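Quick notes on the structure that follows.
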Amino acid sequence: MIGNLPFVVCMILVALGLWTLVAKRNLIKLVIGVGLIQNGVNLFLVALGYVRGGIPPIYTLAPAGAPMVLPTPQALTLTSIVIGVATTALMLAFAVVIYRHKGTLDARKVRELRG
Amino acid sequence: MRPEESIQLITGQGYWTPLLWMAAALGTLLLAFLFWSRGRRGYKRGTEQDLPFVSGEKVENPRLAATHLYWGFAEALRPVLRRLGAWHSGVVNDYAAWFVVILAVIFLLIMV
Amino acid sequence: MTVVVRTITRVLFPIALAFGAYVIMHGHLTPGGGFQGGAVAASALAMVVVAFGAGSLAKRKGLLSGLESLGGVAFAALGFLGLGVTFFANVLAGAGGLFGNPVPYGPNPGDLNTAGTLPLMNWAVGFKVLAGLGAAVLLFALFGGEHDR
Amino acid sequence: MGTHAPILAIAVPLLGGFATPLVARISRVLRDFWVFAIALFVAVCVGFVAAQVFAHGVTVYVLGGRTPQETLAPGAFPIRIMLTVDGMSAFMGLIAGLLALVAFPFALRFIPEEEGKTLSFTLSLLLLAGIVGLAYTGDLFNFFVFLEVTSIAACGLIGFRTWTSRAPEAAFKTMLLYALSGLFFLMAVAFLYGEYGALNLAFLSRQLRGSALDRVALALFLSGLLLKVAAAPLHFWAPDAYGEAPAAKTLLLVVNTQVSLYGLWRILFTLYGGVLDAGVGWLVVAMGLLTMVVAAVMAVGQQDLGRLVAYGAVSQIGYMMLGVGVGLVTLAGRPDYALVALKGGVFHMLNDALTVGLLFLCVGAVEWVRGTRDLGELGGLGHGLPEVALFFLLASLALAGIPPLNGFASKILIYHGSFQLSPILTAVAVLASILLLAVFARAFQGVFLGPRVEVKPELPWSFLIPMIVSAVGIVVLGLVPGFFLEQVVTPAAEALWRGRHLYLAAVLGG
């Protein structure tokens, strides 16, 4: 049971992120909501690669025969983090521009495009 | 592939050939031209016979914008349009909420 | 910003850049690599923006965007280097030249001169991330600055 | 170049995109040539790959291997990054190449220098690289990466005109939903990785047994990709995005949506091809019907020409989903009808790219001439711009499925395929088509007919040639549909229909 705890935390993070996206009205908070989901998914990936008692996957430092955690999920997580940085920066930049044009960050008022 | 096959479209229930359709369309056009050519020719250019007929009124600028067209059609659809327009509310929270709803529906459909 | 922040930034700026360069350079031996090292180095730029204001770097925007394009081009070009075999094929590894030593087996401190095109790609990515993140921070600072005054 | 064509179609626009700002520092004319040359190169590459795949079957290209075809590392476990191109991927690549050839020349004069032309070309080339990569990739993680590359580049293009208040709003909403879609896709990939320890599509497809975790992953894949393809009720971002991006760049956004649709088919037919039941097919059919009806009705009430065409474009997504969804439902029971419906759905992708592309080009030309897209103000442009009027009429008739244009050729296949499943589906689809015809007749009348309005600038040739190319495509595809169906569409549809074992065998052997 205790081994599943990281996965439970991931799912809680994702659910919190979704709740933020649905319930919060500030555009910056919406970006934070996307960030929460990102972190949940990244944590999920890293947790998947963990091997009980494993050491970091660096061959030059490893004693022979020691179990290593899986390196692939870590590479995936890193890529996902990089993409997350780009996404977040882009969304924040658009939020700044929206604030300049409309003077508000309230999602209920940023609805020029509707219907 | 034979040349007629490259034009035909076999759908399993029949086939579709643009050439046949073109022949039919040409015949119809011919018929239309026949009717048109039998019409009255007494119409004079540059007189008020030339003006567009807008409900018998004299109008300064007879331009019809696209928003004027199909007025009755749009009017009949108005209740639907109003409801659909409200659905596309423009609030990004609603869009995210619909994603959550569809996520739940898909999970129900696939897991149960 | 206060004189304390400015002074500390002056001291830490070269150290942060050097640490970033270290992380990039040892990307093929230790945890880290182009993105992480580039992010560390970009934090040095962010420190400058915070301490001296965005105006101090505003003139260097062209330099940053040029560096970013160069990093991207270098990365893709290194991929093309392997086209004699396959795209991304590591033609330099084990070839004896630049980064061409064979990888030693067993526990060892690591040989910097290994791994072929990977360290070069780390450098390309590092420059791209340094310039990209630096430009992003700078642009956000410029955005805010105009509006607040 | 022969063996390397698949990777060149991805790597060259990537390199070209990064290099564009550097080339622009040398000379602006050189930059225009550079960008056009790269688009041309990509088109040639995807054409070459398609010819190869249609002639010799699935092509595999392994990155960083000792040979391009060495898929299995020692131990018979595919760990390398690889591109796997079957008929459907090659077809999707062809569409991307075709629209790149149309969109890039048009953009040369359409986007003014002071509005960041260089940046827009960089983003478009990155988007093109992402689209071709998405079509060709053979492993799930690269699928995710390319999905995000296309998302970020596309949103950069949407929110590109930051001095208007509408574009950043559209870009923010689209980016938020794109990010959501990408993250749920990644979560699904993580589930499969946790269960099977692999990312290769073919390998995973052979391993899948339909366990509870597989089905969780399927649900996540579906929700993520349905959001990205703008299926109602997840389509809200699409009219905003299509309407607000510069018209020349909207073409690339249309291909972006289509390639996400391709990704959905890849997941459903190849990855889950062995374990899928008909329920998912019905879901796709239902959402397809909802998409086409809702978008067609919404188009009736639009005041903005760009947004009207955008809704028309969204409704076409519904037809593709209907065609392929019917194929998915009947795949096991009545494979002959499934093939007809699949052909219709796949053929409609090509036709939609041409017609919607031409419509957006016309919208761009009208906007360029008059500076507005408000239907209340436009009118009488047919005297000054007879070519544009003709092209708009042609494209809207094709979009509404009027014979003998190309839209009808694919729609009749969809109608006949779906009629076997239930006549109600066909009735709804025909109804939506009629509604679209009404909408576009109204738009055509309002924009092009009426008393003469003087138009100042002459349309440059860089506008007219792309329009002529798409218009010729529309007419030719409509007049000789059988030829193109046989040569291009059938290999793609058959790759979905019964091509799964060929895809797996090409990567894993046996």
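When the chains are written out, they are named A, B, C and D in that same order, and each has its own residue count from 1.
Going forward, contacts are C-beta pairs under 8 Å (C-beta built on N, C-alpha and C of every residue); 3 or more make two chains touch, one makes a residue touch a chain.
Keep in mind that what you see is a predicted model, and the values were worked out from it rather than measured.
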Which chains share more C-beta contacts than any other pair? B-D
For chain A and chain D, what's the span in angstrom between their mean Cα positions? 28
Distance between the centres, which are taken as Cα means, of chain B and chain A, whole angstrom: 45
What is the distance, in whole Å, between the centres of chain B and chain D, each centre taken as the mean of its C-alpha atoms? 23
Among all residues of chain A, those touching at least two other chains are 21, 27, 30, 110, 112-113, 115
What residues in chain B touch two or more of the other chains? 85, 88, 92, 96
Residues of chain D touching 2+ other chains? 172-173, 176, 180, 239, 298, 301
Which pairs of chains touch one another in this structure? A-B, A-C, A-D, B-D, C-D
In the complex, chain D residues that touch chain B: 172-173, 176-177, 180, 184, 212, 215-216, 218-219, 222-223, 226-227, 233-234, 236-237, 239, 279-280, 283, 294, 297-298, 300-301, 303, 336-337, 340, 375-380, 403-404, 408-409, 412-413, 416-417, 419-420, 438, 442-443, 445-447, 450-451, 478-483, 485-486
What does chain A use to touch chain B in their complex? 18, 21-25, 27, 30, 107-108, 110-115
Sites on chain A touched by chain C in the complex: 56, 58, 60-64, 78, 82, 85, 89, 92-93, 96, 100
Residue ranges of chain B touching chain A (in the complex, touch as defined): 85, 88-93, 96-97, 100
Sort out for me which residues of chain D touch chain A in the complex. 141, 144-145, 148, 151-152, 155-156, 159, 162, 165-166, 168-173, 175-176, 179-180, 182-183, 186-187, 189-190, 193-194, 197, 199, 239-240, 243-244, 298, 301
